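Input: structures, listed below.
In the two assemblies presented below, chain A is common to both, partnered first by chain B and then by chain C.
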Partner chain A sequence: MIKYAVKRILYMFLVLFIIILICFVLIRMLPLPQLPPGDPHTKVVMMQRQAMGYDKPYLVQFGLFLKNVVTDFNWGLSDKLYYGQEVWSVFLQKLPATVVVNLYSIILSIPLGIGLGIFAAVRKNTWIDYLISTLTVVVISVPGFVYAFVIQYIFCYRLKWFPLVMKSGTDWLSPEMLKSMAPAILALSLGVIASFTRTTRAELSEVLTRDFMLLARAKGLTPVQATVRHALRNCMVVIVPGIFGEFLGILSGSFVIEKIFSIPGVGSLTLNAINGPDYNIFMLTTAFYTAIGLLGGLVVDLSYGFLDPRIRIGEKG
Partner chain B sequence: MKRHGVLAVMTALVIISMMLFSACAGNGGSVPVQADGGEKEYIYHDFTVQLCTCWNPHIVKTSLDSYPLNYIQSSFYSFAFNDELHPVDGKEPYSHYVIIPEMAADYPEDVTDRIRQERPEFGIPSDAKEGYAFSVRLRDDLCWDDGTPVNAYTFEESFKRLLDPKLVNYRASDFAIGKNAIVGAYEYAYGETADYSGVGLYAANEGELIFVFKSAHSGYSLYSGLQAGFLVKPDLYDSCLSEVKTASGSVWTSKYCTDVSTSVSIGPYKISSFQTDKYIRFVRNDKWFGYKDGNHVFVDPVDHKTCDMYQTTEIDCQVVAEAATRKRMFLAGELMMLALSSEDFDQYRYSEFAHSYPGSGSYFLALNGYEEVIKEREASPDFDRSTKDLETQLLKSFRKALSLSIDRELFVNTLFPGSSGGYGLFSYSYICNTDTLDRYRDTDVAREALCEFYSVDPAEYPSLLSAEESITGYDQKAATEYYQQAFAEAKEKGYITDNDNDSISDQTVTLVFTIDADTDSITRLVEYVNEILRKASVGTGFEGRIKVEKSAPLGNEWSNQFMNGLTDICMLSWNGTIMDPYTVISVYTYPEYAVNAAWYDSREDYMELELNGEKIRLSLFDWTNAVLGEEVTSEGKTYNFGEGMADDEVRIRILAGLEEKILDTYDYIPVMYSNSMALLSQQAYYPTDIYNPVMGFGGIGYLRYNYDEAEWKAHVEELGGTLKY
Partner chain C sequence: MDIPKEKLVFAKREDRVSDEVLKTKPRSYLADAMLRFTKNKSSVAAAWILLFLVIFVILSPVISPYSINDKDNVYRAFPSFVPALAHLGLCDGGKIYDSQNEISLTALRGIAEETGMDPFIKVLNENSQTGRFRGSEVKRETYDIKVNDYYALGIVYRVFSYEEFERIQKWQNETGIQVIFPYVLPRDIEGIKSNPNLWYKVDPNGRAVLNEDGSFIPVYATDKEEEGAPYDSIRIPSDDGSYIYSAKKSGSVQCRICYYNYYRYHWGHEPLYIMGTSSMGMDLFGAIGVGGRFSLVFAVLVAVINLFIGTIYGSLQGYYGGAVDMILDRILDVLSGVPFIIVATLFQMHLAARVGVAGSFLFAFVLTGWVSIAALTRMQFYRFRGMEFVMASHTLGASDARVMYKHILPNAAGTIITGCALLIPGIISSETALSYLGIVDLSSFSGTTLGSLLSQGSALVMTAPHTILWPSIFIGLLMISFNLLGNGLRDAFNPATKGGE
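Our next item is the complex of A and B:
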């Protein structure tokens, strides 16, 4: 198991390295933003680009970039959006908003999604199951930003329960902040809730029909006890890894939601870096999302062994 | 243990996130609404699509980044409405402007003669007695918001840092190159000399600053040249500098003006809090001299009461990227202004709270005339010459027909409501006389130029004005004639064929419309252009044979593609300083600016004008130089028609002549003068409803409030939380 884990971690770094290399070279191959013809600042801009090393061979640039990252954790300077500022410090300022919104969303989504899934599975083939299943399909089919606008219109504009955009400030855990984030959290959560509901219902429906469930009832357990102690634990092998997957899904989904609710997070930073374009910021956010994705995959793989002792990772036959 | 597995994972996530918050929580913090000693609060709730990130005045590139500078900087001289306190002879109150000293103690003194003798190294022309060197005497109570005094040496030190070659400051060019170039600035900024003593901006003493320009200045151009925007707080500036390793060695970078702690104000407001990409907040800078100097007051034209400028106590600017969210916030009383989109236009255009802002932008459909490239494109194996044609667009008759196919007012009403039809190179915003604020478009010569270009005979109308007003740009009959003429010419030149003798071209003239991004508005525009060309060509040899199709989305490359003749039509606009149309003309005649430079040479295009009884023939390039103040020579004679060198009447004639000649290339078909409209919150009002080209409606300095913040919130709540406009 340990050998397998170490191997996976090494592979993870290799993949991360390759992706960063490809991104770096492709980005540097893009033509630099054009200056208007006759722009009086042309000379200054050309001097700045030379100083930033844009005239060096791509692999030399990459080598220096990598050296700076590995030795100093220096991701370079922003050359457009946050001119002259270190991109790592900009990134750190933006990270909390993204993490907190996503975390609240996960905290809301998991119990609700699993709960609704259990409810639908237990009431399988009743009108409740049909209703939940239908709503699940509808919610999964509609992109998150559509809910975002609907939620904003109904709850923020018409009913005035919440502010239209996230409040200013960095008091991330205050009740006022939570209230102002609620529409965004809800918009991010709906799809995740639906996803967990569907997965839980499907898994639980199958487990509930197994023979050991009959044995559990025959032992004298109540339906609730049998479901929670035996059926649900068996479903966790599928559900828990899904939590990591959904966390990643929410991170990427928050690109648009952050814009709609004025959340100063990494999602909007990435979008702006692409539109800017600001290559160093884009490199950092790309590395961030890639690392999170790889880490998520690693955790999911390793979690199988912990969740179900019958699964022995890395063993052949 | 396993029972609690899920719980443990979630708890770990919460703990990790809390650690991240504590590690990442940066500057700013939550800022409660201030309660300033019981005084009333007047908060200007502003928005931005993207927040400024660095407002270092030596670096700023965009209006987004320079946003805070509007509040934290002051100028040497500023503009004020002509009210009862600042009357202007012959002008109704609020119809004109006055220039008032701000950081300067009085008006600039021309010291050209003295400086020429004292400092010959500046190279002031030996015969120049005025216009090159000026002394600006400073107020003696200038200070930063922390109380640190500011004097002429602070300006000199700031200017040294602006030009410092190791810092490679973006804005150094503003003073090193161009109309407002300072003597010696270029040489110092680009490392040609390390000796600052050759730079023509220096402190004569604590209270006096000397500007030495490379070219002569007077009138309005002088005040636009005496800029103070380079002022920084030297010790803070230096502490923000750092050297960072790069692929090529190192670069100097600066954190100056990137957050509250690295910002300093000498303007009416100071930054109180800032959160990256979320908000910026300003409060009054009590150290600002303007609050007590007696200059910053005005008389309200309605109640004739004397009011202090800058009633606003706080400015809160938030990022609101989505237009729908902005509209909802405005209707909920949470924003001060709402720019009207085309969707909102019909609903709000007649609102009493709507303000119209005439723009300086003239929009054109620019046409490709790069013959060599067009022929190369036709020779490509992918191009089917039996069904498609590109060359016909080179014919002037075809271009004229295109121009005459477009009813400009209908065009803008359909696609860009709020703007107005465009007919010339200059919109109605441009001022040709800064003393009188006369608009160039209202002059007889400008009207005659348009009538001439659109073949309208003023003799057939009661006045020149009515002749100009009759122009729509659209003339179906003339368009048909030109299409037929183009058909005959294209056939004769072999561009198109008519093998079936049906008097209709066998080829479809296919024009590629240049787009940067494939948006709905671009699609609507292209479809509309296709529609009007289809209608206008009915009954001609090009009936059903003209097609405009979108290029691939070209991003930032779009202009290069068009300028290299690889696409055929693009919609473009030039904006310029509305007080200086003469500089704007250079974007059409200077090869480094002109989009048609690859196929049009203004040095080879001549114009003859009779000025003061003398016939003068110069190329359009030389006419432009002459009107911008450079000496040009023709047939052994030297001419200079720059500001102060020639009568306004003469200069306007040259401008109108240049406009007509450039329009006659048919490389630019004017279609629109851009305007914008915005709703102002019921919370506040401007003292005038009439847009002033220099002052606008007065900006934040003149904004008056109907309700303070508490009253406004109560009022909105009373109305159910949603306002009607």
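Our next item is the complex of A and C:
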């Protein structure tokens, strides 16, 4: 298992490397933003660009870039949005907002999603199950920004429970911050709740019909005991990797939500970098999103293997 | 048992015993799937909704009297208004004005009296508050009222060239609809230039000064010195012929026009906005049709191209297996590892100038969109390639291509096509999200898209929620119906996996 894990991790790094190489070359091929004539920074910017190797072949540029990143984790300087600041430190300022919002939404989604799923599976083929399943399909189908608008209109404007946009500041864990993030958290969570519900319901209703459940009942366990101790445990094999995957998934998929609720996170940083254009920031966020995506797949695969010895994907191969 | 021997008879003596020929018609795989599909209520409902939406996107730009480039620059983000239905209380251009006091009610009455179109629809709520004002208790009555937003706009100032001024007068004479109203000099209305709706005596705060009997005191200008151009057309009833209808403005004339009637002059008909207007002054009804049409056509096009590429790629992987499979799989890992938003952005930056915005957007979708189809095809080919019928055709000397596309592919087609149908909602939602975020701007290509409509409306969620509501409902229904339809098709083609998700 460890050998398999190491192999997978090394392979992930290889893929990451290739993707970063391709994106790097594509970004460096873009025309550089023109400096306004007579800009006092012209000389500095020109020297920076020379230091980044803009006058050398792409592979040499990539070598320089990689050397800086690997040796002192230097991703270059921002030359448009945050003039002269280290890209990495800008990124670190933006990261907490995204992570905190996603963390809250996962914390909200796990109990609700799994709870509803269990409820629907236990009451299978009753009206409550149909209701939950229908809602699940609807919520999963409708794109997140649609209910983000609904939430913004109803909760922020009509009922005035929450502020319209997130408050500024860095007190990520304070109650006021939580309150101002609530609409965004809710908008992000709905889809995640629905997908947990769907997975849990499908998995649990299948496990509940297995023979060992009959045995559990036969040996005298109550339905609740049997469900909790035997059925749920089996479900977790599927659900827990889903949680990891979902967390990393929404970390990379909340551009629209971040824009609607003005969350100063990585998503809005990326959008600004694209519109800037600020290529160094864009390069860093590209690497970030790629890494998150690959990590998501890896974590899901590995956790399957760790949780359930029966499934060890591709271990032999 | 005691049965007399003579009672025993052979059941069949002459006939040969054989199975009866099946009397029912054989049902093909496709017909079988269709039968299962039509039995699934939710997918049938989804199919109907989808049909409705498709008809909507085809017809709405035709029904709408406006083309996608017709943008009115005054009626922006206005509520839905259909004059023919207004008296029924539907689509009456109604907007709710919260907490209006007597002063604003009087102002509305002024507009109604002058233009002859009463913006007031009904009182929704009466609130009375008691507050302290300079030491004494004052009771304030406010009303929540519903007002026809189109009429409530009333009069606006416009500057016309002399020719235009003549044309409007001619149109007035032909149709009998009054556009130009008598001019009011700022000095007669306490110098208030920001409110063109004042035609009566006001105090410096803009409040109407009324007669004893509660009527307005008109202050229309009669000073011929100020007149911009001669006026020879409809006059208001109280006019004795001395009122002037325009003011001088270097080389042109300034008028007070009733915007609603000016609109009729300009567009040739009354405003007709079934879903209201967008923040750009477009007809939302037609714009959703145009945007939705683009989304649907684009998604289907992308899905078909991806189906094609994915099938070929997956079939090579699945059929040959081994080293070919491994190398192709590694390429897939790299392709699917790049986040889509990055792909779309890079394509926009590199290709948009060369092949157009829509073209580069299409390339971006085609670059990675087929990965899931390839995986599906690969699985199916793995399943079938060892089967007897494949071996048989090999033995008969069939080439690889023939075995792959003549023998295996038809067996896998159902699964692959349903996989493709399930791609469509994802494509639509990414397309909408990216145009919402402004990463791609397709408005020059297709007029508008659902994403652009959403992003234009998102600033107005509070004041004009309909600009967000209708595009959201459209895209929500589209997504739900495509997903249900896709799930229904999957269950119909692979009954074994039913309810798997």
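What we mean here is this: the second predicted complex is superposed on the first by the 288 of 317 C-alpha atoms of A that agree within 3 Å, B and C clash if a C-alpha of one lies under 4 Å from a C-alpha of the other, contacts with A are read in each partner's own complex, and residues count from 1 in each chain.
Note that contacts are C-beta pairs under 8 Å (C-beta built on N, C-alpha and C of every residue); 3 or more make two chains touch, one makes a residue touch a chain.
Computed from a predicted structure; not experimentally measured.
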Return fit or clash for chain B versus chain C, each positioned on chain A through the superposition. clash
According to the stated criteria, A:Gly245 is in contact with first (chain B), second (chain C), both, or neither; which is it? neither
Tell me the contact category for A:Gly305 with respect to chain B and chain C: first, second, both or neither. neither
With both complexes overlaid on chain A, does A:Arg198 touch chain B (first), chain C (second), both or neither? second
Go through the superposed model and pick first if A:Gly115 touches only chain B, second if only chain C, both, or neither. neither
Quick one: classify A:Ile18 as touching chain B (first), chain C (second), both or neither. second
Touching A:Met29, do we find chain B (first), chain C (second), both, or neither? second
Taking the superposition on A as described, I'd like to know which of chain B and chain C A:Ile140 touches: first, second, both or neither. second
Looking at the overlay, what does A:Leu95 touch: chain B (first), chain C (second), both, or neither? first
Just chain B (first), just chain C (second), both, or neither: which does A:Gly276 touch? neither
Per-residue touch tally on chain A - higher for chain B or for chain C: B
After superposition on chain A, the stretch of chain B among 368-376, 512-520 or 692-700 that runs into chain C is 512-520
Overlap of the chain B and chain C footprints on chain A, listed as residue numbers: 149, 152-153, 157, 164, 259-260
Spell out the part of chain A that touches chain C in their complex, as residue ranges. 15-16, 18-19, 22-23, 26-27, 29-30, 134, 137-138, 140-143, 145-146, 149-150, 152-153, 157, 164, 198, 202, 252, 255-256, 259-260, 270-271, 274-275, 277, 282, 286, 289-290, 293-294
Complex contact set, residues of chain A against chain B: 31, 33-34, 36-38, 40-41, 43-45, 47-48, 50-56, 60-61, 64-65, 68, 72, 74, 76-78, 81-86, 90, 92-96, 99-100, 103, 106-107, 110, 149, 152-153, 156-157, 160, 164-174, 177, 233, 236, 240, 243, 259-262, 264, 268-269, 272, 306-307
Going by the contact rule set out above, which residues of chain B touch chain A in the complex? 2, 5-6, 9-10, 13-14, 17-18, 20-21, 23-26, 28-31, 50, 53-54, 56, 59, 61, 65, 168-170, 172-174, 177-178, 190, 244-251, 253-255, 258, 273, 275-279, 281, 318-322, 324-325, 328-329, 332, 334, 556-557, 559-560, 563, 590, 592-593, 597, 721-722
Where on chain C does chain A make contact in their complex? 42, 333-334, 337-339, 341-342, 345-346, 349-350, 425, 429, 432-433, 436-439, 454, 458, 461-462, 465, 468, 472, 475-476, 479-480, 482-484, 487, 499-501
